[in-house]
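Look at the two complexes coming up: subunit A is in both, with subunit B in one and subunit C in the other.
Right, the complex of A and B next:
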């Protein structure tokens, strides 16, 4: 049988799924054990026990200075910023995507500008963002919004233009005006796509969030990582990275569930 | 053909293991050494020592080869040295204590070349302000660095504590831009950012390292084990350093201009930075500094500050958890766990002309 036609059974599928993870962990812990055997105070590749200690310290012990449980207060700060940023970006992106996708006049005015703006690396113009939005929460949310919105808008515009022309003609034949066309045809289609785009943009959103927190903050997951990086506390950084990965994966999972629940007919529900 | 697959995986796996463990290859007497430095007024001479060929000359004298690398990020330089990629590197006394030493890397202060004498400062907007006015304010600074230490020392002098203010962690590269925004009223910075901040209108410096002379020290440190196995490294670096110091003292324009250029300014700008950096131009001054009891007092302070911030490692029960050895057999902290050594062997050799 040709290799392309051979499918793994459920047992070997599980094994194949776990294999890269096991290999990855094995390489890590072997390296960690070798380094620690040489120098028990080595900080670069901490052992599982050291990381467990660090997790206990940040997640289940009150911080001496602030009296807070650091991991949870950092997570709350970061999720509020990320939620606000993504929420605003989703609304703005959807609105821009719909108007540029549906109305040729607006598309002519907005679309080329968006194409240019989406190419500006937001991190390169940070000093300007600071001066416009200040150094507080607003600038961190703004960085996510500025980074994510143009890409979302362009993707949605493209999707709007891929909607079969026949569908629009049919709706108009049935008496739809511009407004009902947007409301009854475009919006449902684009909302489904918006969830897919958002899932793809999650990585970028986290990147912007962590960059913003690295530059100036008093709490947040990115703040903590960049703060303890100064003294190479990898025993704290690695659990934080794992936690961020888990949170991002959960957000992705949640968006997929929403897709399934609300738009079972769309492709976003499948993947 | 498919049969080969597992072997390929195993080979790859083995290669990864090897790649992870190979940097640990033991150091004995060696010929090649790696040294790093980062941008700061007191360290740019290392750039000149490299490009002018002075280091090559001294290396040849002792039959070794020293590669000098400039690293752009101070934190990255510390991490690379700690991980063992470099045998020697420039850092401040506090950074040396909280990164390599707290990380168990036995480290020797080879050349304490200079200290900050106004090169770090607390700057606020307004007129007629003092440190007391910081109470209740947000202060923007790179947390857990010498800036943080400077602020803590300053607050102490007016009876304030860190909890009376709010520290906002800000990357040193972004401090100048941050200061330009309306709601940032107080920052702590070092040169060259400090100079840029002080030149802004309606701004005053309320505390600087000039008020705590000799506490923020710019050192060339070396891995103690490597240095012990290879005294030639210490001799070559020390010899090259004092040769360059002599050039600087004599006002050698070539040397100074090269240093000015590598710190991104002109001769006048570099001279202005040097005003805030107390360089030891000869080994005699340097010896006096490292053998003075004030140095022990400073390191006790720095260890106490680092301990309070949780930077000496979780195993540390108090500020004495790490042993520090000073010239003349003076030991601070745990005698059984000496990880930081101030060494006067090579400076004395320089004085005797034995290099």
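Right, the complex of A and C next:
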């Protein structure tokens, strides 16, 4: 049988899914054990026990200076920034995408401008954001918004234009005006697409968040990683990276579940 | 005065002439089938009637007044594909046609009006044979059922003109026959004016009360786009069916409501 036609059963599918993870962990802990055997003070590849210690320190012990549980306060700070940034970006991107996708007049005015703006590397204007919005929360949220919105808007405009013309004509023969056409026909279809685009943009959003936190913050997951880097604290950095990855994956999972629940007819619900 | 007057209509895209010197008078209640080779402008003609495009020259009048230059609820349409809204369930697809004209801001009805609209839409869907599928999404329906839904959507608006752009082109022959019966039945009941583009000549002959053939009368081999298509044949069909329809229309309402009109028309169909 040709390789393209062979499908794994449920057992082997699970095995194949776990295999890369197991391999990865095995390679890491083998390397870690070898290095630590040669030099017990090695900091580069900490052992599981060392990382467990570090996790206990940051997650389950009160910080002596601030009296907080560092991991949780960092997580809260980062998630608030990320949530605010993505929320604002989603609303703005959806609005821009809809108006440029549906109304030729607004498309002619806005779309070329968006195409240029989306080419500005957001990190290049981070200093400007710090200068304009100060070093507080606002500049970090603004970076995420500026980085994510144009991409979302352009993607949604494209999706809006991919909706068959026939549906727009049909809606008009059913008595829609411009506003109800957007409200009842375009928006529901584009909201479904928005969730798909948001899932794809999660990586970028985290990138912007951690960059901004690395440069100026007093709390946050990115801030912590860059802080403890000074002490070469790989035992803290690695669990933090794993935790960020888990959070990002959970957000992706959550968006997919929302997609399934709210838009069962859309392709986004199937992938 | 005829219901729809097409008066010297040309349609050109740049120097590509698609339709030229189109002149046609269509009476109210006619069932015109439009046939012709691919790319000879049948669908363009339908888009002109729909208001999706404006003729380059000439004028189309509907009941004496110039045709509005954009689609409106007075003219229903069923396309070959993409006629139904994928994000709405079957019932909501039809209810939408009742909600949009009544609610200019929300596009939705609430309370008693909503219940009434849903009852009316459900009755319409029952009528086209989708009574069992109200809660399904269109992608769960077969091609034929999706077209039934599109037809229900169009008829719930009670348009005066119905435009069909190869509505059954993608369907199996058996299902196509059922659809023919359905569309004829609805046409008889409502008395609207139908324009139907089809590739299938026999479909054109059997369904319509008038067959309109589009073709290019002039050909320039050096410039294939220089001349457009015209109406080359305009054949009245099924005069008995038309007559039967007029007779039924003349009957008093209470008789129509009481006795099924099918037996009366069976003979006219043959």
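One rule holds for everything that comes next: the second predicted complex is superposed on the first by the 271 of 271 C-alpha atoms of A that agree within 3 Å, B and C clash if a C-alpha of one lies under 4 Å from a C-alpha of the other, contacts with A are read in each partner's own complex, and residues count from 1 in each chain.
By our rule, a residue touches a chain if its C-beta (ideal position, glycine included) is under 8 Å from a C-beta of that chain, and two chains touch if they have at least 3 such contacts.
It should be emphasised that the depicted structure is a prediction, and the values quoted were computed from it without experimental measurement.
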For this session: Quick one: on subunit A, after the overlay, do subunit B and subunit C clash, or do they fit? Just give me the call.
Result: fit
Exercise. Among the partners subunit B and subunit C, which is in contact with a greater number of residues of subunit A?
Worked result: B
Exercise. If you stack the two complexes on chain A, which partner ends up touching A:11: first (subunit B), second (subunit C), both, or neither?
Worked result: neither
For this session: Report for A:217: first if it touches subunit B alone, second if subunit C alone, otherwise both or neither.
Result: first
For this session: Quick one: classify A:121 as touching subunit B (first), subunit C (second), both or neither.
Result: neither
For this session: In the overlay, answer first, second, both or neither for which of subunit B and subunit C A:20 touches.
Result: neither
For this session: Pick one for A:31: touches subunit B only (first), subunit C only (second), both, or neither.
Result: first
For this session: Using only C-alpha atoms, work out how near subunit B sits to subunit C after the chain A superposition, in angstrom.
Result: 41
Exercise. Both subunit B and subunit C touch subunit A; at which residues?
Worked result: none
Seminar exercise, completed: Listed in rising order, subunit B residues that touch subunit A in their complex are 2, 9, 13, 16-17, 20-21, 24, 75, 78-79, 82-83, 98-99, 102-105, 140, 142-145, 163, 166-171, 174, 177-178, 180-184, 310-311, 313-314
Seminar exercise, completed: subunit A residues touching subunit C in their complex are 164, 166-167, 169-177, 179-180, 183-185, 188-189, 192, 263-266
For this session: Mind listing the subunit C positions that touch subunit A in their complex?
Result: 50, 52, 70-73, 75-77, 79, 81-87, 96-97, 99-101, 103-108, 137-139, 150, 153-154, 157, 159
For this session: Show which residues of subunit A lie in contact with subunit B when the two form their complex.
Result: 3, 23, 26-27, 30-31, 34-35, 38-45, 53-54, 57, 64-65, 126-127, 130-131, 134-136, 214-218, 223, 226-227, 229-232
